[in-house]
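Below are structures written as structure tokens.
Consider the two complexes below, in which subunit A is the common component and subunit B and subunit C are the respective partners.
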Partner chain A sequence: MTRRAIALAVIVALLVPALVLAAERFPPPEFSFDYQFPDVRTPRPRPPIFEWIDVAVLAAALGLAAWLALRRRSRRELFVLAVFGLLYFGFYRQGCVCAIGAIQNLALALGTDYVLPISVGAFLLLPLLFALVFGRVFCAGVCPLGAVQEIVLLRPVRVPVWLERSLGLFPFIYLGFAVLFAWTDTGFLICRYDPYIAFFRLGGLTHIVIASVALLVVAVFIGRPYCRFVCPLAALFRLVAPLSVWHVRLGGEECINCHLCADACPYNAIRPPTAEERSHPPSTGRWTLAAILVALPLLIAGGAWLGHGASDYLAGYNSRVALAARVYAEQQEEVEGTTEESEAFYAQGKEVTGLYQEAAEIRSRFEVGSAVLGAWIGLVIGARLVAVSLRRTREHYEVDPAACVSCGRCFSSCPIEKARRSGRPLQAAESTQ
Partner chain B sequence: MSHDAMAGESQQVRADEERGEERRPQDLRYLIATRVAIVAGVFCAIVFALMLANLIRARSADPTAPARIEQLKAKANRDGWTPELREQFSTLDQQLRREYFRSRRFAIQGIFMLLGGVVVLLISLQFAAQWADEGPFPDASSVEQPILASAVNRRAVVAMGLLMGGLLAALAVLARHDAVAAYARQAE
Partner chain C sequence: MADERDERMNRRKFLTEAARLLGIAGAAGTLGGVAMAGQRDNMVWQIDPEKCIACGNCATACVLTPSAAKCVHDVALCGFCDLCFGFFAEQRPGDTEAPENQRCPTGAIIRNFVEEPYYEYIIDEPKCIGCATCVEGCMQYGNGSLIMQVRHDRCVNCNECAIAAQCPADAFVRVPADEPYLLKSEKLEKQAEEAEEEPAASPRPPEPSPQQPTSEGPPEMPREAAGTPEAAQPPEVEPDAPQPPAPQPEPAPEEADSLEELIGGDLR
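Up next is the complex of A and B:
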């Protein structure tokens, strides 16, 4: 049995009990009193010193991941680091605080009087800084969500590039919604719908657990589906990583175009060389690109208009707005009876007008935020259209820093890399060429 | 066809045959591993479905909020605790506890069955991947056709854009018929 299979068995042994523990959410029978203990699903707060220990561990893990990916170029050691990340940030810290969720803390701090803890800010800033300098090393060896998916990827099936390009828009859109909901203090979407938190906390809402298992099964065949098609932090990385000074590179000018690296990469992160298209004139596609550039402001404006129109609906997800609507409906006798929330509000003895005023303020924030969200969606779609319409020529296989998660799979398949490590000339490569 | 070419071809056929003979036991191992993986996958799916059914059943018969217990309590408060009522209460209590522990036992057994199934599934998949692997082949002819790729990618992005636009439009339409909006306009 390979070491990887053993590691898999251990990880699965840790993951699977979460399913049944999730099924065991209701407490044992107790008929002596009516009080039901609240169902706590978030980790308890810890002394501040531990938060700084977490930041130190994050910084050390990021540094180590960068060193392993760029200097050691060791897939095996990166994998071990990823398992450490899973155990520490996943199971020990129960997925909180995490860099992905910290986006919402920042948005909340920008939108309300919430003060962003420095440690939480560091959890967002450090991975982004490392991505700016070294590429997506956070995804390679630190992120527990990435580690889960990396471990279970056994039978990689390649996703067509066109599908990857279109589904790749979703993280940007999800990021927009998450920021809007956090900015208006409506909720933390990313945390609520985190697919792997149920494993880390050994319990969770039933529908989330089912979705988690489904996503895990998908991850056996499709490499990192959450990272590629959902993760909002990955969307930020996609913007930042192409600017990185150092990131994973292969072959370079010595590349013999053997295709082995692209074959080894399950994430479509290695772009093949481009063919000479003699049948098409060089101007082909320029008009299309020009049309898209002209349409870009229209897409942004159209998105903003639609987003503004949707603001009332989105505002309904805010608990204060929903409570105000409910109380109003009860006051107008449009509905029968009361809810627990409205009863709690009446019990406080507060004025209804104050609640309405508060809800109206939130709604006005939603009007602005939804318009910005719509504009963002238009911009993302337009920018992606521009990106896919630009013609780039490549003579060799090149790593796409935006898509590359620095997992190191390609290192062991590249003959140039092997020759460089062994210090021997590339005879086999010459014959292939 | 020249003599050299024919000789080369027969050599190639012989090499293929030899390779085929070498691969036959490997293929058998691969087949066994994939079959085991399929069986383990089906087993996991069945266990998972049963656990899900158990969960739904347990939720519907949540012993912390049983209506009959409440009814009996109300009756006891009204009429006092008669021996008959105590007996009924005790029987119902036992019944609910039995149901609770049955569900719990079922779930815990399910843990181990699912755990075993998933471990077998993963290990067999790992072996299947290992034995199916014939090694990657260099392919110097693989290149991207920029214009074609660009057109296909553009269409896919346009499709996703239309989907997202449709979603926003649907939300905007829903907002027009939203009770929240009606309340807010009047309240403001």
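Up next is the complex of A and C:
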């Protein structure tokens, strides 16, 4: 009984400090000998120097990719570099952090008090800077996701241009959602739905693994489905690469319009001469363009309105907002019982008003963000409509820098290029074949 | 015709050049901004043990198997209890160290006799699967010295931690890579040091004051949280809002009996 009483006394005595110190119910004993406390093992993360090595490897690989694509013009060497990118950034670095995901880190840093590590910023901005000067060389030789798809593309099937253009809108929309969700600290969509990360790590969540395998099978027939129809970084590249000083070009004025390069390109990145696709007189086109330009502000405004309307729904994906709604429902006794989340919140002993306020702040950010997202989607659709109605004149086959991933498949197909390499005039080079 | 065309091309060229310059300036500016405002160290994920509720998601949500989050014994807080509820199951056939009496599903806790009546507990980390069952037991009945921590020799530092995305307690936080652990004992030490440095200040950290100015009116949910567009009230501070239920029940004195019954013997 005395031990029981002592135990009780200990508990009572400990209750007061226990309120402050989480729950130190049993004070550490005083041993009769010099007891050595076992060490708490705290293994360190990778030393920061490795982050800089990663950035250096990224910069070197980008430079090499630009050189191989623009000067050496060697498909084989680009492929080897892509395999290296897959091995280093994919399998060795396990796909994190990647240039695509780093978009979200930048958005998170803009939206919250998260401070962007310089190495992560470099991972996003270096590829963009290179794209601004050399076109999409990152896609060709550095990106591990691109490399996976490049390797498995064995039986390319051509995607019709109308489908390509429609599906090609999705990356821009996905980019908008990813930025909104990162900016509000709701989650990193790009990372969550990264289809190849499970491949790099040889394991992952079941539904992602299934999607990953499915997309790999698709990638055997359709060239780079992720890059063309999903990748949000490719959306940024599409905006930036057309401005590039140098990018992959073919034939030029000497082009003999033989169509071989367009056949070699599995990504619909080579545009044929316009004479072939004229179907209506210029005046019709002009009217269409005028109508679209008038409709563009309406599209943007309509998108903003719809986006604003969806803000409540979108905000529901934020864990704090969802928790606040749940706690409120529990407080109002609209629901029975508690969830793990609400119990964890109660265990913190914090004020509900603080939570409500926090949720309200996130909600108001979502109201602004969703409206901007809607406007962005309207703009993307409108801009694509404008782009397809603009009358362009191409006399030769031209590489579209926005779509070209600098993979180098077309180099060996171009007779002009062959002639130049062999140092003989075109006719002579042709006659030897 | 040719001249006109050339001129147009020039205009287009000019616009392209201008946009390119703008782009380069923008990217360089952002890079500079990041370099100025950013931090040199990377961030890594860690579990805040004061928020952790030992739900067990860590074992299953991690991209690694077994999870990168494992149990860590913050020994400085340990009471060296004879009857440790991080170690022993609540309901068990006996009081030996036999597997059927243990709480840990993989037998990853080693129990060593130190001196009467103290035992030390060591985590056999390779065996730990991060299920947090022991953490829950220690939190409920003990000092809370068993905690969940992300082990940085295993963690691959995903940009979005898969466990963080599922953590019901929002206990996953990004911490600087040079201080990658959040041990309770270290925090207490720091607090004690701060208290020593400022003798004027109270040695005990200030308790959160539950008092609120009173006013009437039922607690109203800010519309954002309630999700009803009608009740468009700004998120005013609700003075009379219902207090959250008391923090996780500490073993109150009157509960001691039942606690003892539950434990089925002496506390030590």
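Following the convention adopted for this analysis, the second predicted complex is superposed on the first by the 375 of 433 C-alpha atoms of A that agree within 3 Å, B and C clash if a C-alpha of one lies under 4 Å from a C-alpha of the other, contacts with A are read in each partner's own complex, and residues count from 1 in each chain.
Definition applied: contacts are C-beta pairs under 8 Å (C-beta built on N, C-alpha and C of every residue); 3 or more make two chains touch, one makes a residue touch a chain.
The structure displayed is predicted, hence computed values, not measured ones.
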{"item": "First, second, both or neither for A:Arg421, with subunit B first and subunit C second", "value": "neither"}
{"item": "Touching partner for A:Arg384 - first (subunit B), second (subunit C), both, neither", "value": "first"}
{"item": "Contacts of A:Val321 with subunit B and subunit C, given as first, second, both or neither", "value": "both"}
{"item": "Partner chain(s) touched by A:Leu169 [first = subunit B, second = subunit C, both, neither]", "value": "first"}
{"item": "First, second, both or neither for A:Arg286, with subunit B first and subunit C second", "value": "neither"}
{"item": "Partner chain(s) touched by A:Arg249 [first = subunit B, second = subunit C, both, neither]", "value": "neither"}
{"item": "First (subunit B), second (subunit C), both or neither touched by A:Ala360", "value": "both"}
{"item": "Subunit B versus subunit C as contact partner of A:Ala310, first or second or both or neither", "value": "first"}
{"item": "Subunit A residues contacted in one complex by subunit B, in the other by subunit C", "value": "4, 8, 12, 19-20, 23-24, 26-29, 31, 312, 315-316, 321, 324-325, 328, 356, 359-360, 363"}
{"item": "List of subunit A residues in touch with subunit C within their complex", "value": "3-4, 7-8, 10-12, 15, 18-29, 31-33, 35, 37-38, 40-46, 48, 51, 94, 96-98, 101-102, 104-106, 109, 114-122, 125, 128-129, 132-133, 187-188, 191-192, 197, 201, 203-205, 240, 242-245, 312, 315-316, 319-321, 324-325, 327-328, 331-332, 339-341, 343-353, 355-357, 359-364"}
{"item": "Interface residues, subunit B side, partner subunit A - complex", "value": "48, 51-52, 54-55, 58-59, 62-64, 69, 93, 96-97, 100, 104, 107-108, 110-111, 114-115, 118-119, 122-123, 125-130, 136, 138-140, 142-147, 149-150, 152-161, 164-165, 168-169, 171-172, 174-176, 178-181, 183-184, 186-188"}
{"item": "Parts of subunit C lying in touch with subunit A, wherever the complex brings them together", "value": "16, 19-20, 23-24, 27-28, 30-31, 34-35, 37-44, 50-51, 53, 55, 63-65, 72-81, 114-115, 118, 120, 122, 125, 139, 141-144, 151-153, 155-160, 162, 165, 168-171, 174, 177-178, 180-181, 183-185, 188, 204-205, 207-208, 219, 221-227, 229, 234-235, 237-238, 241-248, 250-253, 256, 260, 266-268"}
{"item": "Subunit B contact footprint on subunit A (complex, rising order)", "value": "1-2, 4-5, 8-9, 12-13, 16-17, 19-20, 23-24, 26-31, 36, 152, 154-155, 161-163, 165-167, 169-170, 173, 206, 210, 213, 220, 256-260, 262-264, 271-275, 277, 280, 284-285, 288, 299, 302-303, 306-307, 309-316, 321-322, 324-325, 328-329, 356, 359-360, 363, 374, 377, 381, 384-385, 388-394, 413, 432-433"}
